[in-house]
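By letter and in written order, the chains are A, B, C and D; residue numbering begins at 1 in each of them.
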């Protein structure tokens, strides 16, 4: 697959919100409902944004800043900056180049990337495009265990073989949330967009339900991952495994004890449990619970360089952005994604300079203390 | 009376708010004002909703969930789920099938039901339709004591004879609230809709008021129930008696001491005292005051499965929903009510799965703790 | 002057907000700006309302309420209810009958009244109309000391002679506030509306200002009352003197020590100092500072019977309403004022019944405690 | 350059917000974006305003006020009032008379002024116009150190020679903020408007960046001032040096230790770091950190006399206003600026009278205490 051709950006787009506004004009209603929507009344979706906005940054001034930088380390690698691409399914809904464009832009901009199990382009295609790039960040594979353990293991083997450096087990979506916006829009995948990595996966046999049994608890949830699945996965792969969707400090502690290589503090972008807390509100507790044993990443509502800096001040090692990648993709393919990443990184540098942070290690709770 | 025929739902209705929006189009202004309105400036009406929204649920992940369920017990019975129908008067204002459609849908969906004294279909008709259903939940009768104690006693006897399993004494409406919206709309019952259970009740003789006496304190309130009426009722019926409208912990304690079988934490759906606290804000105090002696139910603003889960996490044994039943009724009769109940139960199951609750007993204050 | 003829109310007016909405249609822009406006950005004006709304009432239920009443005592008199008319200037801007209509309606409804120094009908005319009424409440005279002490003393003598029972010294308006709305509207008194009590008062001679002197501090404020003026007034009248405009507890204490007969916790309806605290927020502190030595009244944003009950629960002996009187006056003259008072009193009775208050003495801090 | 001719004000302008609304009609989109905009989502820009609004003033009453005044002292000078003009660049964007009109109005009204390095009229022209005025307040020069230290020193020498009384070193803008509004508007200086003081400054030679180096950290920030630059400046000038842009108490302490003559608590009007705290929220901490060693001034969102009084109650010695000066300038040149200053001072006097403050020394934390 060739490297995507560069497209022109819509005019007047100077930040990630502008990207969203422009993408709303370009995406059809079906894709817009899928990507923009959240669960239920979208309270968590909105709270994710407003929680970052509600944190204030109290700057220090007149510090020497020349030679500062955004470099950081994560699972033994040095990153150019702490901004990664969150796993987002079916990106060909937004642009024909789909995940390939995102991956290529990420590699050019030095951003790490987590490819979704449900990517609309095969994991091997992405790895081939990205791994040779010298500026690339880490490449991880997000795993939804499938009903067929054999198929799940095959996915893991394929990811290992293709060169993925870690697995990200999604813990917060044992079932889909109440995606009212999607249901109202009658969302469905259009022809030609499919979960490329799951080609050949047999449909699970229907389960017989006795009267009074629940289609959820007695059928669908057989497929949901548990702590046992983490142990099983650890036994079958040499890759580090991160857990995505941790909001409770007890789960953070348990994950550390059970050997998780890292945590992603996430509420699935407000797409599963509505009224789950904004990640900015629980991040510090999650970091405290890990006691530094593993890195904590965070996603949910990060749209500004100041948000990135706040996340690091609260203890995160890196951040992931999801929807903005889709907006960039919709607006201008690979060039749009690159623009989104560039804006965010530039804003991060400005935020560091304006708060007196020479490096990201200078960010800490003092930045957020206004009492 | 035959079982109601099923009607088709309006399109695009995927949650209870959609039901409300659709019902607003179908109900005439008179009925809309009656059912949708609250007292005064409707501050409590709105607070009931926003208080549930304002509680956050912090989920646990990766727990084994297969075989989970929504079953619970209440006054010695096992319920399929903790969702009941609140007493709502004059349901034939919303649909010709009125309370019969609600009752039938409730029985099919395993939802308990509290029939209003002011039902527009006779209590016996409802009982005959519901009691034979094997999936039905509890059937209770809500009691407004009438000015004529003999008539009140006759109502109790009829409820006993018809098979009602408990009485619910409404404590929070000694007088009607300032229902400004109804008054502005000039609400009145249309021909053919009446309080079927009160047929034959004589109009009370007018009281002579001395100069300076109050039409409220010196006349109307003679009819309002007091703690003495609870004792009188207890002496005259074998049915358990629950008190509805408890917001103060001292009343909760007193009710336990005086032998109430259960409490319903309620502000009458914001229809009596405006600026009374939202039930979600006082529920935990009420449950604490009972010290587990009696079950506490709650109503007011419950529109989401997450709201049900929050209520149980705060200590409630079950919840009641009122207006949404009317919206379902208006939209599609019995099928509409069944749809409302089904949506709420499905959302409850999803909320349990997404928070890691295998059964409702797993829900507790930890779910709501975000500090 | 004859008793005002009764006018019909506009249709659909069922509460005080409806009165305001109707009056906005009837008053010309000049009068509307004068009566409805506040100082500055009208932050205090709005806060006065929202502060009452923000207090919750937690009711007790099933208490015996027959024979309850709204009676209370104030400065040795028994009142039918605790609702009084605040001093509002120039009421003939709103209706040709002006203060006479207000006074007559107040007397009929048993409401006490404070006549403004700047009433547009002479104080003697009002007293003659009101004092013979058997149902009337207290009649007080609000005093703005004038630049001419002799004239001020004459005003006091006239009030005494006419039968006024107390003086209310306004303490919170040494100068007018920044009434931007009035200034933008170019407010001026129309022909025929004037401060009737001040007829014959000579215009003060202009003060010569040295360079750098302030027209405010070095001229206008010579006329502002001080604690010394309170002592001077006390030495010259047998009438009890209340202070209006107390927001700071130290002033409440000082007023008690200096022999004030009562206090009115007021921010002048948001018309003087913008961002002064809402009265509902400081009332409890003021009452605490008086230690029961003198009665405390309150005004500012009271529009509902529940507001009246909250004021008494916080420690007030009575409340005053200002603008709603003007709206009633504009809408239907004396009948409109009577309607406003009747609505408020009826709502108070309903609020008492719904909270379990048999008399106003039952209202206390427990009503407002929601923690 | 002649004294600016006086222009007529637009009608109906009675406060600073009215000035802003009128200026929006007069300024072109380019200038409006430049002056009105802030950084990022303009959260800090809005918070600056709302923080002042959110503080309440609890007045004392009946105090003797005759002879009160707004006089105060600052760096050894007596000011007629504590309102100064903040440094605002390129004022000829708003009006052809630019900074000369502002300066002339300030001098007439006794307001101190801080001229911007980036003024569009030369610093000498301003000084010649202002210094002879007997009513003028202090004249200070705001300094952005330039990449060429020799040129910077020359600027200092020119300011000294022209009669400027202090230097104000801006500490909070090592780089420009993310001015999205400006970028979206494509802001650029029109022909004829330029940084008059910087004429002749050579463009800095471009820096070679190695791969992976940052255009910000490795090039642009070489020009940003540091604490070392403060020491260098102190060694090269006899003028007192104030630091502008202090939000952190540790910087306030450090500035005192390093000999700063005063501090300006500022977030650059919300134009640099978005989500920096509102100045009203941190002012008290900054004042506490200085322990009275140096005066603290404040800017950001001051639009009312009550805001000025609140700033002084929190510990500030004076306030600066920026954008309102531009609005006045746009609306009516020197007369417009004079009107803005006059409104603010009049409102301050009224606020003092209404809170019982005889002089500014009477303002203190007690004014803001509402608990």
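Just so it is clear, contacts are C-beta pairs under 8 Å (C-beta built on N, C-alpha and C of every residue); 3 or more make two chains touch, one makes a residue touch a chain.
Everything numeric in this text was worked out from a predicted model, so none of it was measured.
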Same or different contact residues where chain B meets its copy chain A, judged by the half mark: different
Chain whose mean Cα position lies farthest from chain B: D
CA centroid of chain B to CA centroid of chain D, Å: 60
Chain C-chain D separation of Cα centroids, rounded to whole Å: 43
Every chain pair in contact, whichever chains are involved: A-B, A-D, B-C, C-D
Touching residues on chain C, where the partner in the complex is chain D: 40-41, 43, 171-178, 180, 183-184, 212, 214, 216-218, 221-222, 224-230, 243, 245-248, 250-251, 272-277, 281-282
Parts of chain B lying in touch with chain A, wherever the complex brings them together: 12, 14-15, 17-18, 53, 55-70, 80, 304-306, 310, 346-347, 349-351, 353-355, 370
